[in-house]
Amino acid sequence: MAEVPTVDESAVNGVANLDLGRAARRGYPEAVYCEGKTPEQVRSIAEMIERAWGGSADPTADVPRTLFTRCSEEHAAALREILPDAAYFTDARLAVWPATPPEPSGGLVVIACAGTSDLPVAREAMLTAEYLGRRCELVVDVGVAGLHRVLARLDLLRSARVVVVVAGMDGALPSVVAGLVAAPVVAVPTSVGYGAAFQGVAPLLSMLNSCSPGIGVVNIDNGYGGGHLAAQIAALG
Amino acid sequence: MAEVPTVDESAVNGVANLDLGRAARRGYPEAVYCEGKTPEQVRSIAEMIERAWGGSADPTADVPRTLFTRCSEEHAAALREILPDAAYFTDARLAVWPATPPEPSGGLVVIACAGTSDLPVAREAMLTAEYLGRRCELVVDVGVAGLHRVLARLDLLRSARVVVVVAGMDGALPSVVAGLVAAPVVAVPTSVGYGAAFQGVAPLLSMLNSCSPGIGVVNIDNGYGGGHLAAQIAALG
Amino acid sequence: MAEVPTVDESAVNGVANLDLGRAARRGYPEAVYCEGKTPEQVRSIAEMIERAWGGSADPTADVPRTLFTRCSEEHAAALREILPDAAYFTDARLAVWPATPPEPSGGLVVIACAGTSDLPVAREAMLTAEYLGRRCELVVDVGVAGLHRVLARLDLLRSARVVVVVAGMDGALPSVVAGLVAAPVVAVPTSVGYGAAFQGVAPLLSMLNSCSPGIGVVNIDNGYGGGHLAAQIAALG
Amino acid sequence: MAEVPTVDESAVNGVANLDLGRAARRGYPEAVYCEGKTPEQVRSIAEMIERAWGGSADPTADVPRTLFTRCSEEHAAALREILPDAAYFTDARLAVWPATPPEPSGGLVVIACAGTSDLPVAREAMLTAEYLGRRCELVVDVGVAGLHRVLARLDLLRSARVVVVVAGMDGALPSVVAGLVAAPVVAVPTSVGYGAAFQGVAPLLSMLNSCSPGIGVVNIDNGYGGGHLAAQIAALG
Amino acid sequence: MAEVPTVDESAVNGVANLDLGRAARRGYPEAVYCEGKTPEQVRSIAEMIERAWGGSADPTADVPRTLFTRCSEEHAAALREILPDAAYFTDARLAVWPATPPEPSGGLVVIACAGTSDLPVAREAMLTAEYLGRRCELVVDVGVAGLHRVLARLDLLRSARVVVVVAGMDGALPSVVAGLVAAPVVAVPTSVGYGAAFQGVAPLLSMLNSCSPGIGVVNIDNGYGGGHLAAQIAALG
Amino acid sequence: MAEVPTVDESAVNGVANLDLGRAARRGYPEAVYCEGKTPEQVRSIAEMIERAWGGSADPTADVPRTLFTRCSEEHAAALREILPDAAYFTDARLAVWPATPPEPSGGLVVIACAGTSDLPVAREAMLTAEYLGRRCELVVDVGVAGLHRVLARLDLLRSARVVVVVAGMDGALPSVVAGLVAAPVVAVPTSVGYGAAFQGVAPLLSMLNSCSPGIGVVNIDNGYGGGHLAAQIAALG
Amino acid sequence: MAEVPTVDESAVNGVANLDLGRAARRGYPEAVYCEGKTPEQVRSIAEMIERAWGGSADPTADVPRTLFTRCSEEHAAALREILPDAAYFTDARLAVWPATPPEPSGGLVVIACAGTSDLPVAREAMLTAEYLGRRCELVVDVGVAGLHRVLARLDLLRSARVVVVVAGMDGALPSVVAGLVAAPVVAVPTSVGYGAAFQGVAPLLSMLNSCSPGIGVVNIDNGYGGGHLAAQIAALG
Amino acid sequence: MAEVPTVDESAVNGVANLDLGRAARRGYPEAVYCEGKTPEQVRSIAEMIERAWGGSADPTADVPRTLFTRCSEEHAAALREILPDAAYFTDARLAVWPATPPEPSGGLVVIACAGTSDLPVAREAMLTAEYLGRRCELVVDVGVAGLHRVLARLDLLRSARVVVVVAGMDGALPSVVAGLVAAPVVAVPTSVGYGAAFQGVAPLLSMLNSCSPGIGVVNIDNGYGGGHLAAQIAALG
């Protein structure tokens, strides 16, 4: 892997202070959280990344993939001024550079998503896990209102090293899935719903109080966090 | 049915003002909510009921059953000083006079309960529906962590005119049940759980946000309300 | 009724997984929740529905009505590219295909609405119940601040098999109505109000804590859920 | 009226700092909030009151009534060691010295209470208003589940200068009463109820969001505050 | 006063059901809450009002003032198509017809407002009280951060029959004012502030928990409710 | 492993419905949640377990360990009437039968605990993971107020396959630990603290919003859930 | 210092009531909170300030700096119509007149900020402290996910008289910093984050519950308040 | 000062891990938070402290005072088995060893307390600041309901280097005090109050939203934290 820049090299104009050593220290690179940053700040960070890793002989092999999460189209445009071949996934609001995922290793990550409206978060989780080096399968629209849908995918779910379950509204799917598989479940509540869903509080509480043990919960709409945790769990097959 | 006492006859010592006409008006008698009342106040109310209905020639046939809900042992003792043959169900904290349920009519009410700890609330729902004149079946400990348990009772669930589902923690069972049956579901969240269950808020929110339509929710731990609503739904149309 | 498509036929481009068997299983068809879906996704779902049911000889008689809830004008436009004769109700944000409601059966559903601002939710409830096969009557602007208004409609309310009460602000109307009728009440809190109404929390809590038993509560602004539950209650026993 | 002690005379052992001038300044005497005070502290305060007002020639005529609110039996016992003829009302947890209320003046205060369990708070409101110099009438157990009960008392309610409405659970009664009378309504939510009543939050929110204007709300279970405000409203203009 | 239209005359196209008898019954006319209504609905209501009261010989003397609260400019424009001489106060989002306030009677209402940002709510309170027939004085920007400001207005405050205190943020002003005057205080919390002010929850809670008795609280930003209650309190006894 | 009893064999007197197949299906046995159960119900469940597994020739090798969580001393006494050699850990409120943990397999689980007051929850997590077959190390009292304490244990933390971090109050420790290790972190918030800790809400929110990715959160005080999830993650070394 | 205008001179058109004596009384001038004010109102206030202080011979030496907080570009434009040389900082939404900070005195204020997205709030704190007369240093992007970043700045942090720590999300940084320095810490939670961050509630609670003593917390996003408090603490070196 | 024990010396039986270096590092010693610890654990910690510091020649001069906060009588008894001359303050639930406070240095700390019921928290703050080396004055029962009380102490308040204001209920006192003094204010909300005070949430929010800048808030009932912060602020006169 390319050499880690020093701390001084990591400073970005009094604006940011990238943790470029994280890939070496933790095995997974830092992600840049774009929300609340100006496009100019994202561009400055991109310049810094370009300086730090750009000179590598073979970037796709060695360079840690830097993820830009909650990245709007404006952020992505600013980023691509500096790193024009960065990948950008509109639905997941995720940008990545270098654009190619690493060769997959470890166990299978299955992402199951309760409804179509939860898909952007599920996609963010899947892409994150892929860019962190895992093989992924996505199962869509298998909410518990029609239980036969998730039961039809039981074989795939049981073949996973970890299952990421993404659900809004009642957040009931992780309880059902965790009761059926041996693998740990990462539950990602979403803000899908209205009224007493309270922007994701209802599924968050359901997941925290699941009657099925073996569920680790991440923040509402935090597909990135769910995919990251899953990648770590599945690091060993 | 026995004649309804006048409003003046309903006054209890400046303490209560029984709605004795409710059975005639709504078809279901008033219940006395005991929590927050002193045993003395419950005794005064019992005296008043005794005065109002006690002279009926054949009480078990005609007299509306008065339910005393959230009735502690102290309340029950005070009640039985006046109405010694009242029934008292310790687990459901429910007292009833006259003690025999009416002849059942209407459709079947099935009460399904997610865990053993939810049983007191489920029992309150079942007894309420029985005393309001419905035939009931109770299905215990069929939480979604072991889905085979509820699937094994599908025939019974599908034979009901209404299903009352009682659950704490993640409150996921009503969503699963409502997705499997044609009948309406009455969901009763319980305070079973701890931490982020927030004394029943978590299952309450799950139930309100169910991805399966056809669920009416009542207050946390409100077995009485759930049973009452179910009895009305399962009444002859 | 037309034959139910198989599960494989139900898959929509890795985007959705329609529960086309729900009408057969539950007696009521699936609804498509549009919020959070792109117009393109709604169009794909419409194509799938068109494929599944479009070939029926006499669609209006046999085909289950698919409801599209919380359907914006953009969603409706995308839907009508595929199913041009779908009905769309702007105020209730509801689209339906086929556009004609089924022949009514079962008991009468009365929808009572506390204020004019609650009307869109009340209309969603009424349309849902009608498309699920019930006869409906709507009573408007009978809030408890002028009690004579609801008392003037008592005969109609007492003729219902179920009353749907829609109210925001203090949410007091269901308590008053449930105290006057024998039928079960479905309470729909709305987000009408401001400040400490907390987008519908105030009426939601009022309804859950009603001093009148016999009320089943659905989510805030969930006219669809209220109408669905009412249709089930008012079905033939 | 007896002379107001100076500020230095008002100091109680570094423990309290009585606002003995309040009766002169506001027309209503200070109340001592006992919760969180030790019995010893209440005794010290009583000694101070005894010193300040005790020497008056004719205490019942001149001396402001000091109320001790949320006063437990232990507090009352400590108080009576110093002021043995203080009145103590167990249900309302209220002690008063001197024990006789002043001659009533101003308009009529009617206190209406939704259920028997709300009675202690209603009694605290009534006693407070009486000790602040108003004539009061108490109407018990007129909750909206049996609307005929409150309608039967309409004449009395309409004769009031101000109506204090005390209710827990759904807190619907103030909306109904305020819609029927010209007088202002003081609404006192109580912690009666359970589950989603959240110790009085549900009725508090109902009252704040009443669809009937003309309601001023006080804290949950704050019978003292409700009675005080009512006494001020019903004072001679 | 002009004759009250019958209930049938009060129906507005299945859209509203005006409580035209409220002025006769309560002494104060109904207000039309515009939020959540379409401009078309407001226009229909205006037509109905025009029909009901328009034929009076001398409208300014006899006809109850109908207030249109939370009335946007669009609502006001629709209203004025029918009632072109209605008054409209942009800052207070209030429209009134007929435009002239009645001759003042009763006691003085003083409205005190903590900061300039609270002014729109204070103005709504003042205008409401004026149109309900009271004389009003407005005191601006006297928050407790500079205590000398409110102390400088003590004479005016003490001359009031009722003081309306409007405050956001810490909501401390009503406690201070109520401690200084004999009159009852109507406290109106506002949504002025940010962060942990939670859109007015912070001042609402302060006011409900005031250490000074004699405060009745209305909903957040509810200047109308505060002015209405004040007008009732300051009416002739 | 011993044969799994049939569903009918799993029924416990209409009281419970043990999921005895869970060990076969998920690899981990069911746990009995004792809170809200009577000692009699726990005894009945113990009898059923005794019947199901008691006849095994060599229980310690084959029989799944049944955990009894949130098990009071009364529950434990009832349990031991039937299974006298069950282990009971007072601090963790955990009982287990058979009493010996299985031979450890998989990777190392390190449990780090912020303060001494968090110890009972940390112990519950450790014991759970041990009884589910993992090797564990416990690190005590390494809260971030004295950062040197956690830094001193970095080698141990980095040798873990998964780290369980148990913390109350500010819940800051998981963020710090997750930033230092490659392994996934299971965060267990505790109810240690007071005031604005809101019985564990503060650390729960901190953990859900950690700026360090790679954290899965379980319910407040849910040491069992944390240990279970960790055991699943560390199943493969 | 210039003479303080009298109270009458401080009145602004019945719109505001500037506390011009605050600099004399408290040592720090009043700030004008612009949110919720119209640009016209801000202009009126500027005119008043111009009248009060404008005639000073040497404004930069004597005149208290008036801060305009949460000042939008529209507000700033209106302000500059009257005071054209006022400073305006877009990122911090802060305007100041006169534009030059006073000569620094007292101890050093260090502002540490967890992430780049927290920078606007950190800048508001720093500018406020500078305009109140302190010397400041800003440390950016030192969140606990990469602990080496804050440890690298320990010398600077330890040289401060007070440290202002600005953080969103988990709000863990103040706990870590306070554990490392002798100086008091002012913690400013920000609304950076999403989902269960609840617009800053999560870091607010973390900071209030810090396991490190010596932290005073201000409102969410209240950079002004944090800077003001820090300036007061560091008034003496 | 006595030599700081090594980390290994600080370990307490796998139960605690004292931060004995804190006095050297931060200038203030660690406090032992007793809530949630068993008396046995407190005894073990006392033994460790005795070992670490007990051999000092002149303990009162050199040894950092260890505070034991939220220390029940049981905890105190266990502590005194090992350190019999520790001081214990029942009202403040605080134990300290060595028992004598250090010689005061720095500026004056004034603690102002709104009501008698807030006194235990105020005392905890005062004792903490005294044991951390500051001179303190306590001002009792100066709530804003009788404003003259706090105005009478203005000279003392203005002589302080820092003012700690302790208040429950409406939490209005810090706003008033901060508006009157130049010194920074440390605000300590208390759980005094009931109903919508929500165990201290109401004053906490008031204090966070104060219209007077210059207030740092600590946790509800956190007298220790308030005193600690004040001691740090007043470290320099």
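So that you can tell them apart, the chains are marked A, B, C, D, E, F, G and H in the order they are listed, and the count of residues begins at 1 in each.
Note that in this section contacts are C-beta pairs under 8 Å (C-beta built on N, C-alpha and C of every residue); 3 or more make two chains touch, one makes a residue touch a chain.
Values in this document were obtained by computation on a predicted structure and should not be read as measured data.
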Touching subunit D and also subunit E, the following chains: C, H
Label of the chain whose CA centroid is most distant from the centroid of subunit B: G
Per Cα centroids, the chain farthest from subunit F: E
Centre-to-centre distance between subunit D and subunit A (centres being mean Cα positions), rounded to whole Å: 58
Rounded Å distance, subunit B centre to subunit H centre (Cα mean): 51
Averaged-CA centre spacing for the pair subunit C and subunit B, given as whole angstrom: 27
Residues of subunit D engaged with two or more neighbouring chains: 115, 145-146, 179-180, 195-197, 201, 204, 208-209, 219-220
Pairs of chains, among all present, that meet the touch criterion: A-B, A-C, A-F, A-G, B-C, B-D, B-F, C-D, C-E, D-E, D-H, E-G, E-H, F-G, F-H, G-H
Of subunit A, residues touching subunit G in the complex: 7, 12, 14-19, 21-22, 30, 33, 35-37, 41, 45, 70, 189, 191, 199-201, 204, 219-222
Subunit F residues within the subunit A interface of the complex: 25-28, 31, 107, 161, 179-184, 186, 204, 208-209, 213-220, 224-225, 228-229, 232-233, 235-237
Interface residues, subunit C side, partner subunit D - complex: 114-115, 143-147, 169-172, 175-176, 178-180, 193, 195-198, 201-203, 205-212
Residues of subunit B touching subunit F in the complex: 115-119, 138, 140-142, 145-146, 148-149, 152, 192, 194-197
